[in-house]
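Working notes for the structure below.
To keep things simple, chains are lettered A, B, C, D, E and F as they appear, and every chain counts its residues starting from 1.
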Amino acid sequence: MGKLTIGVFSSLVGSLSLDFAVKLSEAAIKKGHKVDFWVSGNATMLSKKGQRAFKDYSALEKKLQELFATGNFQATACEACAEARGYRKEDTMDGWKRHSMDWYLASCFSADKVLHIGGD
Amino acid sequence: MATKKFAFVVKSLPYKTEASRLALTHAIASQTVEIYLEDGDNVEPVLAFIGDGVLNCLRNQKAMNTYGVTSLEQHIKNSLLLDLKVLICKEDVEKFGISEDALIMDAEDIGGETRANIVAFSEIMKEMDSSNHLLFF
Amino acid sequence: MKLGVLVSDFRNMDDTLSRLKADKLGIILVSNGVYHAKVKEGGKQSPILEKSPHLYALAEDLQTRGFAETDIDSRVKAITYNDLVDLIFNEYEKVIWV
Amino acid sequence: MGKLTIGVFSSLVGSLSLDFAVKLSEAAIKKGHKVDFWVSGNATMLSKKGQRAFKDYSALEKKLQELFATGNFQATACEACAEARGYRKEDTMDGWKRHSMDWYLASCFSADKVLHIGGD
Amino acid sequence: MATKKFAFVVKSLPYKTEASRLALTHAIASQTVEIYLEDGDNVEPVLAFIGDGVLNCLRNQKAMNTYGVTSLEQHIKNSLLLDLKVLICKEDVEKFGISEDALIMDAEDIGGETRANIVAFSEIMKEMDSSNHLLFF
Amino acid sequence: MKLGVLVSDFRNMDDTLSRLKADKLGIILVSNGVYHAKVKEGGKQSPILEKSPHLYALAEDLQTRGFAETDIDSRVKAITYNDLVDLIFNEYEKVIWV
């Protein structure tokens, strides 16, 4: 069993890239792998607490909490990206950590596989 | 004790999205990654600009004057100042008809010694081949 | 209809632009659209420059990306945000951003 | 003198589309026009209070406050889009209103010109 | 007392960004805009799908089953239920080889009576011409 | 190198894909990339399908957009998220998202 690091970058809320990344994490963990999850740029918004569930947006908080509960899932948001968007530490969803970008590189260092979702 | 190589491959245009900016800031974060690693372990980043991404490497970007944001030029120079390997795809530079003196080839003005390299795509492909992980932006 | 089109990107702009019909069509290059004013691909100028005789590019967006206003295709007029306001209010009935 | 309604939609923070829209508003107001400003989708983030200024991001709060002070600038954020992103009313930057999408259409109704910045 | 026509022109693919979804929700908001207007004033929306945007109009989108989000199909049907004018560009439908029965042409299953129309781009251009404002998504 | 490429969009994918060299190149269509598995433009199948004999498309992303798994180009194999995990861990040394 291995470790997968997934980085999601400037992906939009309202696109399905974040949903993709969360579903892939779930599938990997069910197969016994560990997953590290990094969000940067606009994807940082996934870590914001208090997102209201609407039918036009996938609500990922519940799924993320299930993933944290497995003990095989770590998720970290880019601290500067969050602050630039007006998110403070206390605005962060339970379970998430905030670090600088070197956390992501360190996670990649020890990962068997990296899926970096960049671009828009 | 290991060094792992990561290739940061930039194919996006600057300014429209954050992609190329995040490529540079994350590549530069390799300078501080050691705090998370075992003694002797390290990350070696390679930055490669391909396709439309080579347009990030044009000189004279005035983003600070016009919009009050750091230019990609500044980030690329910072990378060179920190001795990161910066590769610019030769075929794409030629396709766009860009001369070398229009490109950010060094960071001499801020005291950098390392130069950017214009190389064939096949060289960039070799870097990808020998990298542990690939990060496309 | 007098239509002003703000072209904001470098790729995939042709499909829409080629089909718009207007009595007067203005093309205003902004954001990454300004690459059309300068960058030649394989030695060829951007086909966008053939779509209209009324071509503009936002000076600040040129400068941001490393281009001087004096160093773009001669058919394209560099304009300021002030000029853009006047184009929107005085020259075109409707404007779109593509 | 006329009224310009600018709508900014799913534009990214970290792109310059929001900066473009704010600069255009400023130029229009200086020429004596009125500007209505609508943000929807991810552009809603412009209305978030407490954004920290970094050199990698344009800090637009000060400029927006200057525009509000002219009395010729109104700015409104899509309420549902904000809530979906975890922004409450109290997270909104001074001067901004929150309304449903019909506000934008009503503003367009009475506008001389509309610039709708859609897409990514 | 006036009615102003707004053309909502969708050229973006669904799901990758919110653009087409926001086009539909904003067009539908025309149903409640009267609260902000003088008596007798109104907004008449026209929805037109062009280019890659016609792929929003494919039937059988299972977005609710797969990702738990409302499909664009549902939004288009809601628009038809509310009697909005929905135009799909004929040339683009033909370019992609899409048959009419693969497209969302009605909202009969939810009680709608209005049908979508497959029309030449020139017809969509006429709608743009006669619209007061144009909103491209 | 065995390289798995997740193709996530419909436009502008050729330039990168055409140049990648790998001993084994897998193309995995996800997000709006799945249109390549089904949509023909001007009667022609997507050139992406010629780039590799190892073609996959994510079933949930097909279904989201209105396509049945049985109704795509016969060279493309529909896969689940579970299958994708196995491709990433077992079939390819490195994966990229373009």
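Basically, a contact is a pair of C-beta atoms (placed from the backbone, for glycine too) under 8 Å apart; a residue touches a chain by one contact, two chains touch by 3 or more.
No experiment lies behind these values; they were computed from the predicted model shown.
Student: Which chains make contact with chain D and with chain F at once?
Tutor: Neighbours common to chain D and chain F are A, B, C, E.
Student: In terms of touching chains, how many steps apart are chain B and chain D, taking the shortest path?
Tutor: 1
Student: Would you mind checking which chain's C-alpha centre is most distant from the centre of chain A?
Tutor: If we average the C-alpha coordinates per chain, C ends up farthest from chain A.
Student: Please tell me whether the contact surfaces of chain A and chain D are same or different in residue numbering, using the over-half criterion.
Tutor: Because over half of the interface numbers appear in both copies, chain D and chain A meet with the same residues.
Student: Which chain maximises the distance between its CA centroid and that of chain F?
Tutor: D
Student: Using the average of all C-alpha atoms in each chain as its centre, how far is it in Å between chain C and chain E?
Tutor: Chain C and chain E have C-alpha centres separated by 28 Å.
Student: For chain B and chain E, what's the span in angstrom between their mean Cα positions?
Tutor: The computed centroid separation for chain B versus chain E comes out at 42 Å.
Student: Residue numbers in chain D touching 2 or more other chains?
Tutor: Where chain D meets two or more other chains at a single residue, that happens at 10, 12, 14-16, 41-42, 56-57, 114, 116, 118-120.
Student: Going through chain B residue by residue, note those that touch at least 2 other chains and give them in order.
Tutor: If we look for residues of chain B contacting two or more partner chains, we find 15-18, 25, 67, 133-136.
Student: Going by the touch rule set out above, which residues of chain C reach two or more other chains?
Tutor: Within chain C, residues 8, 11, 31, 60-61, 64, 94-98 contact more than one other chain.
Student: Applying that definition of touch, give me each pair of chains that meets it.
Tutor: Those chain pairs which touch are A-B, A-D, A-E, A-F, B-C, B-D, B-F, C-D, C-E, C-F, D-E, E-F.
Student: Would you tell me which residues of chain E are touching chain C in their complex?
Tutor: 9, 11, 50-51, 121-122, 125, 128-129, 131, 133-136
Student: What part of chain A is in contact with chain B in the complex they form?
Tutor: Touch list, chain A to chain B: 7, 9-10, 40-42, 100-106, 108-109, 111, 114, 116, 118-120.
Student: Over in the complex, which chain E residues touch chain F? Could you list them?
Tutor: Chain E reaches chain F through residues 13-16, 52, 55, 58-63, 65-67, 71, 73, 95-97, 102.
Student: Going by the contact rule set out above, which residues of chain D touch chain C in the complex?
Tutor: For this pair, the touching residues of chain D are 2, 4, 15-17, 20, 23-24, 26-28, 30-31, 33, 112-119.
Student: Which bits of chain C are touching chain E when the two form their complex?
Tutor: 1, 3, 15-16, 19-21, 94-98
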